[in-house]
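What follows is a structure written as structure tokens; I'll ask about it next.
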Amino acid sequence: MPLNAIDSLALSHFLLTGAVLFCLGLIGFISRRNLIIMFLCTEMMFQGVAVSLVAFSRFHLNDTGQTFVIFVLTIAAAEAALALGLVVLLFRRKKTLDALAWSDLKG
Amino acid sequence: MPIELIKLVPWIPLLGAALCGVCCMKPVWRKAAGPISVLSIFIPFLITCGVYSAAKHLNDTQQVQTVYSWIGVGEFQVNMAYFIDPLTMVMLFVVTGIGSLIATYAMGYMKGDRGYARFFMGVSLFIFAMTTLVMADNLVLLYLGWEGVGLCSYLLIGYYYDKPFAVAAAKKAFIVNRIGDLGFALGIFLTYMTYHTVSLSVVTDMARHAVEQGFDPTTADLWIPFLLMLGAFGKSAQIPLHVWLPDAMAGPTPVSALVHAATMVTAGVYMIARLMPVFQLSPYALPTVATVGGVTALFAGTIALCQYDLKKVFAYSTVSQLGYMFLGVGALSTFGGIFHLFTHAFFKALLFLTAGSVMHALAGQLDLRAMSGLRHKMPVTCWLMFAGCLALAGFPFTAGFFSKDTILAEAMVRGTGEHGSTLFFWLAIMGLATAFLTAFYTFRLWFRVFMGPEHFEMGDDDHGADDAHGDDHGHAHEPHEMPWWPMNAPLAVLAVGALFAGLIFSGWMTTNIEESTAQPAVALNIQTDPQTAPAYEIIAVSDQADTHAAAADSHADAGHGDDHEAHRAHGIHVLLKWVSSFIALLGIALAGYFHWLNRPLTDQIAKRFSGVVEVLYNKYYVDELYDLTIVKPLRRLGHGFYLFDQFVINGLVMTVGYLPRLVGWSVRPTQSGQIQGYGLGMVMGMALVALLVFKWAF
Amino acid sequence: MDLLLLLLVLFPLVSALPLMLPIKAFNCRHATWSYAVLSTLITFVISLVALAQFDFSAPGMQFTGAVRWIDAFGLTFGYGIDSISLWLVLLTTFLMPVIMLGSLSAVKVRVREFYFWLIVLETFMLGTFVATDIIFFYVCFELTLVPLYILIGVFGSDNRLRAAKIFFLYTFTGSMLTFAGVLYVAWFNTTLPVNFFPGAGAWSFDIQTLYLAAASMSPTEQGWVLGSLLAGFAVKVPLFPVHTWLPLAHTEAPTAGSVILAGVLLKLGTYGLLRFALPMCPEAVVTFAPYIGVFAVLGVLVTALICWVQTDVKKLIAYSSVSHLGFCVLGLFALDAGDTGAVGAVMYMINHGLSTGALFLCVGMIYERFHTRDMAKMSGLGRVIPVWASFTVFFVLASVGLPGLNGFIGEFLTLLGAFLSPSNVLGFEYAAIAGVGMIFAAIYLLYMVGKVIFGPLKVPDVHNDDDSHDLRDLNGREIITLLPLAAGCLVLGLFPHGVLTSLEAPVGRLTAAAKAAAELQTVYVDADQTPADDPRAAELRLVLDDRPLPAIENTLQQPPLKTAQQEAER
Amino acid sequence: MEQHLEYALYIASVLGAISLSLMMPRRSKPLRFLGPILGAAALGGLWLFLSGSDFWADRETGLSGAGFLYYYVFSGISIAAAVKVITHTRPVYAALWFVMVVLASAGLFIVLSAQFMAFAIIIIYGGAILVTYVFVIMLASQPDPDGQSGQIYDKVAREPTMACAAGFLLLAVLLSLSFDPQIAAQPDPDNSDIALIGSTLGGRPIQPSARFEYDPQSELMVEAQPIPTPTNLDPARLSNAERIGLDLFRSHPLGLELAGVILLISLVGAVVIARTKVPDEHPPAPG
């Protein structure tokens, strides 16, 4: 079976899934107070983006979309390493993971 | 002697002042300041003498000696240039001559004082300013001298600067003068606007030409004299700006003699005399000058009657005499005015200096009530002052007699005859009354101080000098005569002048003033109709030679070329001589009776009219009036403005400044500091932007 | 391209840099101070070279050059000086060493920063005066705020932070509006036809080009541009109702800051008005001059009275600056035929810089000794510190406007200018009323002298460097600080002719258009509707529309391209 | 585009927002049971609408029917798991649910014939990253304050309603964009990576084919082929992983390098952060 491109409607379906994942991640990031979950939610946003990118890759029949997913993975890994390090640091400081405990920039 | 040397006259005193300033720096050098200062005044006097003969025969180009260009913008060119004519020479003689005598006296008077060098720096600087004033070729340079003398007056009045009243007096003098100076400055502006030059010679020539051609005064012409006059009133202490002069006596006595009697205060008279044609252009100017002069003369004379402070009496007397001079120039008699200025310089300087001697001897005591019968203690001073008093009182054939008589006679000539103006008639009468008062208060003072039973109370300080008074420290216990050198010798010269200057220099003055460019341009005819305001009907002088040919004592009338008028004037002059002699003698006699022979009666009378005496003693409450109507409201205004500035203007500005803060404050809650809040905002922003860009844009 | 001015402007900046490098020698206060004095002295010498090489007979800008910046917007750092700039540059370079000299004992902490910012400030001030490109001018104009902000905020007295903030925001707000006006004129230039005059139709911020461009603006546009220029410059001057930042800033600033502020920075405002407002919007200037004049006169009188009730000596002098600069503005907007007012105003700038700067130095010396400036606490100081007293009295007299000293020249000429001003611009009544300010000046300054120098002796607690409590008169350094200023006052008072003469031509070029507009307005209320048959009016219109400036003078061979087309545009 | 579809998207978004906000952790959770129902209804309704509309009845979608079935399954799982991730009050469970999201996504990738990516994310996400998360969750765990299970900040979300509204507003916009045929991306043959690779091969052009179609059977013949080199490359004969590798190294060498640098930096950064000494803002009580 030859690999053929999906059309825009099928693409839209995958984009829907990607967008839903992205927005759910966003909502989670905005509303959850646990720092770790917040970062988990950012990973979920990455996931949504990855789905979209792969769908585009199939839509356009080129591999750039998938290549970009690799970059996304790279960034996600780097972010996870740093962010989790920071989370641990913050936790050591205040003994809590509550994001509301960190509001030093309050105007 | 080359005429160019005259350029040096102002600068030598300036150099002297600079040297005196150097002398200030080390106490050892201070003693040098006196001689330096005297020399720096005396050398210009010698130069003046040398140049004098040459000055008579100057042509037009030589009359103006330019040193360098001072200010220049476009057409407005002001040179450091000197204008030489006989009037200037007369003034120079007065300034440098009397100045050297007074400075010499001051060498003794100020001896050992802490500010010795500072004093002489002020004196030399003053002579610089004063010579610049009288030699100035243009109004701006004259203004330089004008303000310069004001400054020196300020510095010298405030010489005893740790005495609050001296500081206040100095400030008052400067500020009141400044008021006049503002008028003067505006006068200069208007002059420049009208004539497109500020050169005195050109302005007077143009004005004279305008007068001679039969003039039609423009508004500017009418205003210029009044503005300039304000300056003259300020400088010469005429009503309403007379208040500073009596206070100015807080300065050392030689300063009072030099600055506030002989020279600076006469600058106003000189200026009006110099600009006579300009004043003639306005029909109301000279009568105003004469009126103010006459009123001031009488006004100050009455105040002098009831003053107990030795120097204050002479101060009011000076105001009064200056009033005479204004009356003189106002009556178109530059000769009278300047002549009186000349003689007044002698006798008033003499009077002040002798008063200074008395004060010096009594350790600063100035109260008339605290001294009496000092003739034995200080015989020389006594008789020197007597000479001065005679001259001031107008005793026949003394200096004051001639000059005062000339002024009164001229005023009377204006006030009588077929074109006589009632104004001038009454001014002349006022002048006569003042003459009587003058004789009375002068001799009241002299009799009080030197006659009667011997009695004195020493003052509480020795005129402000501190412990450095040195060798003549002992004088604080007993009044003593002044040494001949350097004090009494110059006084003797002045006394000779006071007694005989009138006789000797009358002719000399006449010729000088006749030759001066400052002479009146026209002869006047007073309108017959007494109902209308005194306005002059101007008759052009057709022939300058007529003026020269005219008789000395009626020169101003010469323009008429009318024998009858000349005869009438001569008659009035003779009559006035008799009348004023009589008045002077009467005044002296009455003063002798009340203040020498029968002092208790005087006290009784004074007690009966205590209200009048009180008013006179308090100088008609003019100071208080000014304080109440001008100074205090202004200061209150200042406070008000400050509050306005602080609260209203600054408040408005701050309100504007707070607007952004207000906005910031109102949106501040959005900055919760929680990253999720910002994320929420970002999401909404993204959604909105996406909507705007992708949905609504299509 | 002449590099002299570039050297002049950049030398201070370059010489300031070592102060911020980790050089051990500068840890010593005296070494830093000596270095700063030396640096400013060298700058002064460079400016003297400029003076020596300056050709007073040549019209237009000299030593011109330009450093390209952003070509697309016509931005260059163009520089050049005419004699107005020259004298102001000299004033700046002359004041700087004096200020440095006077600051040795005033600043003891963070010395390096202090001198660094002072020297940097000099660069910006010089840049402002030598700029021939309006953006260059503006950049320097704004950058002067930064060093002074730091000088006030770090080295000032108790209330310094508030003062610094208000100073910065106040002047910055105003000059933002100025920037808007400048941009408008530059934009307007781009809308003109390309062959209209050299430089038209493209982005350019060259002053000469903008003069020519502004000539085509309608009176309404000119009014707005004038308003925006005034917003910045009037605050800087400061003109009466927008002056409230000045007393605060002066009072809180360190002595050096006050001297620079009064001596040079305030002149940026008047200089800007002269350099930009008068030639760019002549018709608007004529229309609004009476109102500006009213504010100037009000400022003279009101602030003079305010001075009188001050108890803080420095505040008194600060307010007196407002009062004095009222005269300056009055002269600038006099527009009299002989330029007496404007030349007098430039002279006033120089003189005020000298005498008021010196007065601030004197007050600073007192403050160093007593740590108070309250007049109620001191009296009769003439007895104990006579040298200081003599200098102060001298500078007070210069400030009062005593003839023979410098203050008089400016005051007299500005008032004369206002007096001679055409009746539709200012007129004699302005001079007469402002003249009362002369009396007030005498009142408040002599009031101060009477309180502080004269009177019975009263000395506050003395604070010396070495904790001794005996009152010392000025030392040699302080005398050397004040002497040049005193000499300057005297020389400019007695021999101002050369300066005045050299100012005539450039000032005349700057005011020519406004004067023409004023004269046209006296005859024809609407300057644009002049009948063609009036030769004088035609002549004036030519001046008004062509702005006889050097650039034009050089290209006068080409007939002006003003055409019916342009008339239609207007 | 049909208005109906757009309205359907909006309605589904609103319903989704309501359901999610019902499910978010709160202090009081009235009608919580409605949340999953509403959410499922919204998603299912939307899919039904899409499948039922004649809008794509006879179109060749490029995806087989089975493909669509798999799509619905994996998509449903991933969305449901995602909802659990953000609504679960226990971090560990959230992390595990996230593994489910990753797995479902991997299924989607396989549907899209991106086998390499599918395994890559399972290994990297599900393996490496999630394990780190679980580690950190354990590291940062606290004793329960009052015997209850979980911390208060896990149990109470911050402004969930606003967050749902904003998130679903964005979702609605995104969906309406992605279903808008006017805006939706069109396949661009010239943008295929044959052209891209060709343009980056340093002046050695490869004959581009308009569409590369390759037969899975032909892959068997690879062994008969010489090892592919840039000169004899035929993308159509390469596997998914090979093509990605080729694309990565040919088209994005700079990006690759930068990714390496970023990883290095994050490595260093993580070490630095881990070594940072933190002042304790809550010093232990004395004694």
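The first chain written gets the first letter, and so on, giving A, B, C and D; residue counts start at 1 in each chain.
In this section, contacts are C-beta pairs under 8 Å (C-beta built on N, C-alpha and C of every residue); 3 or more make two chains touch, one makes a residue touch a chain.
Note that the structure is a prediction, hence the values are computed from the model and not measured.
The most centrally placed chain, judged by C-alpha centroids, is C. Per-chain Cα centroids separate chain A from chain D by 7 Å. Separating the CA-averaged centres of chain A and chain B is a span of 96 Å. With centres defined as mean CA coordinates, chain D is found 102 Å away from chain B.
Measuring from the averaged C-alpha position of chain A to that of chain C gives a distance of 60 Å. For chain C, no residue reaches two or more other chains under the stated contact definition. Contact of a single residue of chain A with at least two other chains is seen at positions 26, 30-31, 33, 99-100. Annotation for chain D: residues 158-159, 162-163, 166-167, 170, 174 touch two or more other chains. In summary, the structure contains touching chain pairs A-B, A-D, B-C, B-D.
Note for the complex: chain B touches chain C at residues 24, 68-76, 140, 143-144, 146-148, 151, 154, 158, 161-162, 164, 166-168, 170-171, 174-175, 178-179, 181-182, 185-186, 188-190, 192-193, 634-635, 637-639, 641-642, 645, 649-650, 653, 657. Chain A contributes residues 26, 29-31, 33, 38, 99-100, 102-107 to its touches with chain B in the complex. Against chain A, in their complex, chain B makes its touches with residues 668-676, 679-680, 683. The touching residues of chain C, when paired with chain B in their complex, are 166, 169-170, 241-242, 244-245, 302-303, 305-310, 337-340, 343-344, 380, 382-383, 386, 390, 397, 402-404, 408-409, 412-413, 415-416, 419-420, 428, 431-432, 435-436, 438-439, 442-443, 446-447, 450, 453-457, 494-497, 500-501, 503-504.
Interface of chain D with chain A (complex): residues 16, 20, 24, 46, 50, 55-56, 59-63, 68, 71, 75, 78-79, 82-83, 85-86, 91, 94-95, 98, 101-102, 105, 108-109, 112-114, 116-117, 120-121, 124-125, 128-129, 132-133, 136-137, 139-140, 142, 151-154, 156-160, 162-164, 166-168, 170-171, 174-175, 178-179, 181, 184-188, 191-193, 196, 211-216, 240, 243-244, 246-248, 251-252, 255, 259, 262-263, 265-267, 269-270, 273-274, 276, 278-282.
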